[in-house]
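Below you will find the structure I want to go over with you.
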Amino acid sequence: MSIMGAINPVLTAGLDGDKSWRLQDYMARGGYAMLKKVLAEQIPAETIVAAIKASVLRGRGGAGFPTGLKWSFMPHSLSGDKYIVCNTDEGEPGTFKDRDLIHYNPHAVIEGMAIGAYAIGANRGYNYIHGEIWELYKRFEEALDEARNAGFIGQSILGSDFSFELFAHHGYGAYICGEETALLESIEGKKGQPRFKPPFPASFGLYGRPTTVNNTETLASIPFIMQMGGEAFLNLGKPNNGGTKLFSVSGHVNRPGNYELPMGTPFATLMEMCGGMRGGRKLKAVIPGGSSSPVVPAETIMKCTLDYDSISKAGSMLGSGAVIVMDETVCMVKALEQLSRFYHEESCGQCTPCREGTGWLYDIVHRIEAGEGRAGDLEILLRISENIAGRTVCALGDAAAMPVESFVRHFRDEFMYHIEHKTCLVPKEAQWAGSDFYCAEA
Amino acid sequence: MLEIEINGKKAEVPEGSTIIEAAQLAGVYIPHFCYHRKLSIAASCRMCLVEVEKAAKPLPACATPATNGMRVFTHSALAVKAQKSVMEFLLINHPLDCPICDQGGECQLQDLAVGYGDTKSGFAEKKHVTEGKSAGPLVSMREMSRCIHCTRCVRFGQEIAGVMELGMAYRSTHSEITTFLGRAIESELSGNLVDVCPVGALTSRPFRYLARSWELVGHRSVSPHDSIGANITVQTKAGRVMRVLPRENDEVNECWLTDKDRFSYTALHTEERLTKPMLKQGGKWHEVSWNDALDYVAHGLKDIAANAGSDALAALAAPWATVEELYLLRKLMRGLGTDNVDYRLRRQDFSLDGKYVGASWLGMKIADVRHLDSILIVGSFLRKDHPLLTQRLRHAVQKHHAEINLISVTDDDPKLDLYTRQNVSPAGLPLALAAVVKEVAQIRGVALPELAFVPESEIAKWIAASLLRVKHKAILFGHVAEQVGTAGFLHQLGLKLAELTGATFGFLGEAANSVGGQLLGLGKETNTRQMFANPHQAYLLFGFEPELDCANPAEALTALKGAKMTALFTPFKHAPALEYADALLPLAAFTETSGTYVNIEGRVQSFAGALSPVGEARPGWKILRVLANTLNVPGFAFTGSEEVLHEAWQEAGVSVDAEGFASGLNNNLAVTPALTLPPPEEMPEGALERIADVPIYFTDPTVRRAAPLQETSSAALPDARVCAATLARLGISAGNTVIVRQGAGTARLAVAVDESVPEGCLRVAAGHPLTSALGGMFDPVFVERV
Amino acid sequence: MFTPETLQKFDREIAKYPAEHQCSAVMACLALAQEEIGWLPPEAIEAVAHYLAMPPIAAYEVATFYSMYDLKPVGKYKLTVCTNLPCALSGGVHAATYLKEKLGIGFNETTPDGKFTLVEGECMGSCGYAPVMLVNNRRMCGHMTPTAIDALLEECQS
């Protein structure tokens, strides 16, 4: 499994058995006790929301919006359909934590959704699962069957008057559906094009009804918060950065994978847990919060702790906690080219700055990388980024612009070298050498 | 009301306004592309980004609600920078081919690029090219690289036309507007896409490359093709109509036109136009002078009147003839001593003649249709007969879930979410409507013994409940309800239902001037049916083609063939008329004459000619004036059509109010509605009941000759449509060719299975040469194997 | 045009959504149609649209928007290789190059025997297992070293 390590784990505790995803196993770990308790004691919705607020659980999908606050926006007394939607459309380069939660602990997500539905007054829910992880979609559907058969979801759950139907919706290859309103459009059977906000999903969501969309990890945390209490969860982390969090480490470390750490853990600790740099090479830079967060040079990141505030101070974002580690063999132009191509291909095409701008960015970075850079290209790149950022319907525009700006800012020399010498500092044959692809067997 | 400040100017705007709406009220223009006031908000082009105080980022004015005390800056550094950058993005992949683009000179992108673009761009990469597409005869999609992906066209299809013909496929810069597999765009409103498209991506195919917009001269006019009288601008160049565009009028057609209104002009400058008067002499046709032609007609009329009495003369006019033409035609006939004039060509039942209190009309303003909450529509091919009224109904459904109930004779898709729908044979309409009346009467505790035998129906209960539940409601009759043999009875049922429910009762309207004709009092003394069923010796036929535009072509042709003289006033050389007519008089087309129509809401709309008539064709009112002079009929010294109109209204006792609405509109009858159902017509052994629609592009002589419209699938050849059960009874299989017979008239048609045709019925379209030998539109019909 | 089994699966997907929102099942139905046919011909898109009572162009928008629908025929095995940055750092680009050499084809090409199609994919959300590739949209293979790739190709060949 790729949960490679943890400190004071919550979400990943006790997942070492070979059937950790089974209902029986989850219940043996104390699973569904909180749902039972909530229903048996008819705990008021406000009490649940208050506990989540107290935990300072912040959305784990990347934006870090306080979950309790989000839930409190739902018009609880409004009659008619309301929805809770789980966002397992994990496709931001570097992020692969939710897939492991679904893989090893799907019932935590289901229980979290059921409690969430109860708290916000939803009667129906969907888990939107990334297209490329079909096997995990199947696993989640199996877990749903188990939960349904055991009476944890469905009509009149555990004899209470609370009913909650939950289904899985399988994506089919579109990063943008990780944006919550694009995701809702996608569930509605349309292209995943983000909606203009306001109105927000809490008032106009799925099928035009009040809806809350939460990340998988966020929802999986709910039963545990209920169990230990909001304060205790908060105290696992640091003030304003409650709890533990999954960090997905990819790139040039010896042990890539997911790590559950208390918020505020020093970055250096994580590097140690990852077994240090592959081949003992030197750390060059880290993208700390998924591909759309600004890149941070080695010397800065090594001084950070892993929480929203510290990473933000370093000029980047904790985002989804996807840590992309790059060693000295990485050509930053090539690295940016990969990312720019991604945003260009994944732009939904709806709004002008993103549709046109992401393509333009990629064209230029690609040209520079191919040795056809021209004087003034960097200024144009920065100008395009500036003209995309903050002017688009959704955050994909910002996500495409931020890497460009930060790569050029921190590694301008490398870009200039490309432009002036029409070639890379890293020889072609050595590109991506840090992957050790051809010596992995050894 | 909210108070908002835009560029330092304070403005009061209604609650719920967006910034762009508020700015409009304050007289501030905010550049935009994807925003269109009739469509939903996309907020995707980002051209309308403005600065709002306390907002960190520029906000799209089209989607941001105005709030009290909000301060907006549309020209601040932040706003201008955002607008300029969006313009740069829009242009990087645009081909900039303005010099050869049809949109040049009236292109929003071109205009805004001047105001918000830089003279040069930093873009030095390869432009993305989108392949052109074929999209049918009306809209050209040949230059899709010009598209700026505003998706107005997609939203237009979904929201206004009710048919999603276009979509934006793929994503990122690969996004492209396309039809499914290059299928034709041809909803009856598709031409509006050309207007809705802010750039030159969707252009008018018939207009393609024919003129530059600045060479065109625009003339205000009114469309003659349906009952609403869409306001149009006829654009001409060098004596030709080059294009017809909507003239915005929110009360009538809003900013839309039907494809008929927009593309019918393509019939006007073709070889088919009749450019000289023609006479049949000694069995041969000759082109003659106007003098000779009118002399001939005048002599004919005089002789016949002298020999057989003036009652041997008959005059029939198209219901799209102008008020002036209808008035003068009747004045002429009266001058000759007869009242034999009618314009109701497709009617069969004239039992209410003499009982109308006023002219039959919509019963309300067209613009109020969108406010209705419950509507019962009886006997209508809704979407094809009334595209723009249907669009208003669609709006009512989309915006406030109006409940639309349709009782009709086929299952044609109105592209509307219907609340209930009942599909009956034409003969079954009275019973179906009576069931609703009975249900409502029962709920209201009113005894209606005449309807005691009417079987109850579940659907009638739904309709009754729907009508009784809401405040704004109407009962509206379509073409079928006016054209079946039981039309008079249906009218009485409709009135009763309106009385019981408090709903407005009205008619969707047969043609451009049906209301005008009735206001003038035409048809009071006689009617079309009498004039054809009892052959007359002389016929003046004004502006229509009898075997295509009448309720019973066979009957009409028999009468005409037996007549001593038939004169056809027509804009077109009409080949079949060469057989039965003696004189063809070239009539000006609708763009070539001045005149007046009264639309279905009673709006009196006068228009001037946009250009001189083709060849020697002359405006109808002038031809009638000269003919009257030739006949020495007094009172024809008119110098302009305005004088004719003035006299016509005066004579008919019609006044026109300040807003342009005619007096004398009233759907009530001078008698108490009689609710006793007429005994069902005996069906001859082996006969089927015919259901005749007049397909949208067969409705009048101009439309029938508009080549682009005739290339659409709506103009497909008529076939014989029948449900499988009836077909099995006939022992015929689908695809077979059959002889369809009504009396002596036959048509050879292919058989198609159509489960929406009620049992025992045969759907055969009218208005097409293939079926022009047949009889009554809703009369018994026989099917024989070939 | 679909087998009764596929139609049954359509219905199972439709049942997940409120009755008035059956269009929600369009993604799943298109995927099932593709599974049955091997790719997604226009007729299949239209048939799915028809089944769900939605305009064909709306289904076409969906089919062209999401990258896992194959609008052109593909080989028996479609191998989608992620070359995005995190995967590239751990050999994604190398893995793609290795596959290209082994199969003798480039991206978006199919081997002459119709067996393999190679596609460059975007992030599959499994960067910790890099290099990753996806077989026929369904089976995710991680840690694709040369040996692992050889074994996978071997398995497909037999």
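For reference, chains read A, B and C in written order, and residue numbers begin at 1 within each chain.
One rule holds for everything that comes next: a contact is a pair of C-beta atoms (placed from the backbone, for glycine too) under 8 Å apart; a residue touches a chain by one contact, two chains touch by 3 or more.
Keep in mind it's a predicted model, so treat the numbers as computed, not measured.
*Asks:* Report which interface contains more C-beta contacts, comparing A-C against A-B.
*Replies:* A-C
*Asks:* Which chain lies the greatest distance away from chain C when centres are computed from Cα atoms alone?
*Replies:* Relative to chain C, the chain with the farthest C-alpha centre is B.
*Asks:* Would you kindly tell me how far, in whole Å, the mean C-alpha position of chain C lies from that of chain B?
*Replies:* Computed from C-alpha means, the inter-chain centre distance equals 48 Å.
*Asks:* Could you work out how far the Cα centre of chain A sits from that of chain C, in whole Å?
*Replies:* 23
*Asks:* From the C-alpha centre of chain A to that of chain B, how far is it in Å?
*Replies:* Measuring from centre to centre gives 55 Å for this pair.
*Asks:* If I count partner chains per residue in chain B, which residues reach a count of at least 2?
*Replies:* Within chain B, residues 168, 170-171 contact more than one other chain.
*Asks:* Listing for chain C: what residues touch at least two other chains?
*Replies:* Residues 58, 61, 65 of chain C each touch two or more of the other chains.
*Asks:* Two or more other chains touching the same residue: where does that happen in chain A?
*Replies:* 174, 191, 345-346, 348
*Asks:* Over in the complex, which chain A residues touch chain C? Could you list them?
*Replies:* It is residues 2, 81, 90-96, 98-100, 124, 126, 130-135, 167, 169-175, 186-192, 207, 248-252, 256-258, 287, 291, 322, 324-326, 330, 335, 338-339, 342, 345-346, 348, 431-432, 434-438, 440-441 of chain A that touch chain C.
*Asks:* State the interface residues of chain B toward chain A in the complex, per the touch definition above.
*Replies:* That would be residues 41-47, 49, 56-58, 60, 63, 65, 82, 85-86, 88-90, 92-93, 122-126, 128, 148-149, 151, 168, 170-175 of chain B.
*Asks:* Chain A touches which residues of chain C in the complex?
*Replies:* Residues in contact with chain A: 16-18, 21, 23-28, 30-31, 52, 54, 58, 61-62, 65-69, 80, 83-95, 98, 121-131, 134, 137-140, 145-147.
*Asks:* Could you pull out which chain B residues touch chain C in their complex?
*Replies:* 163-171, 178-181
*Asks:* Name, in rising order, each residue of chain C that touches chain B in their complex.
*Replies:* 42, 46, 55-58, 60-61, 64-65
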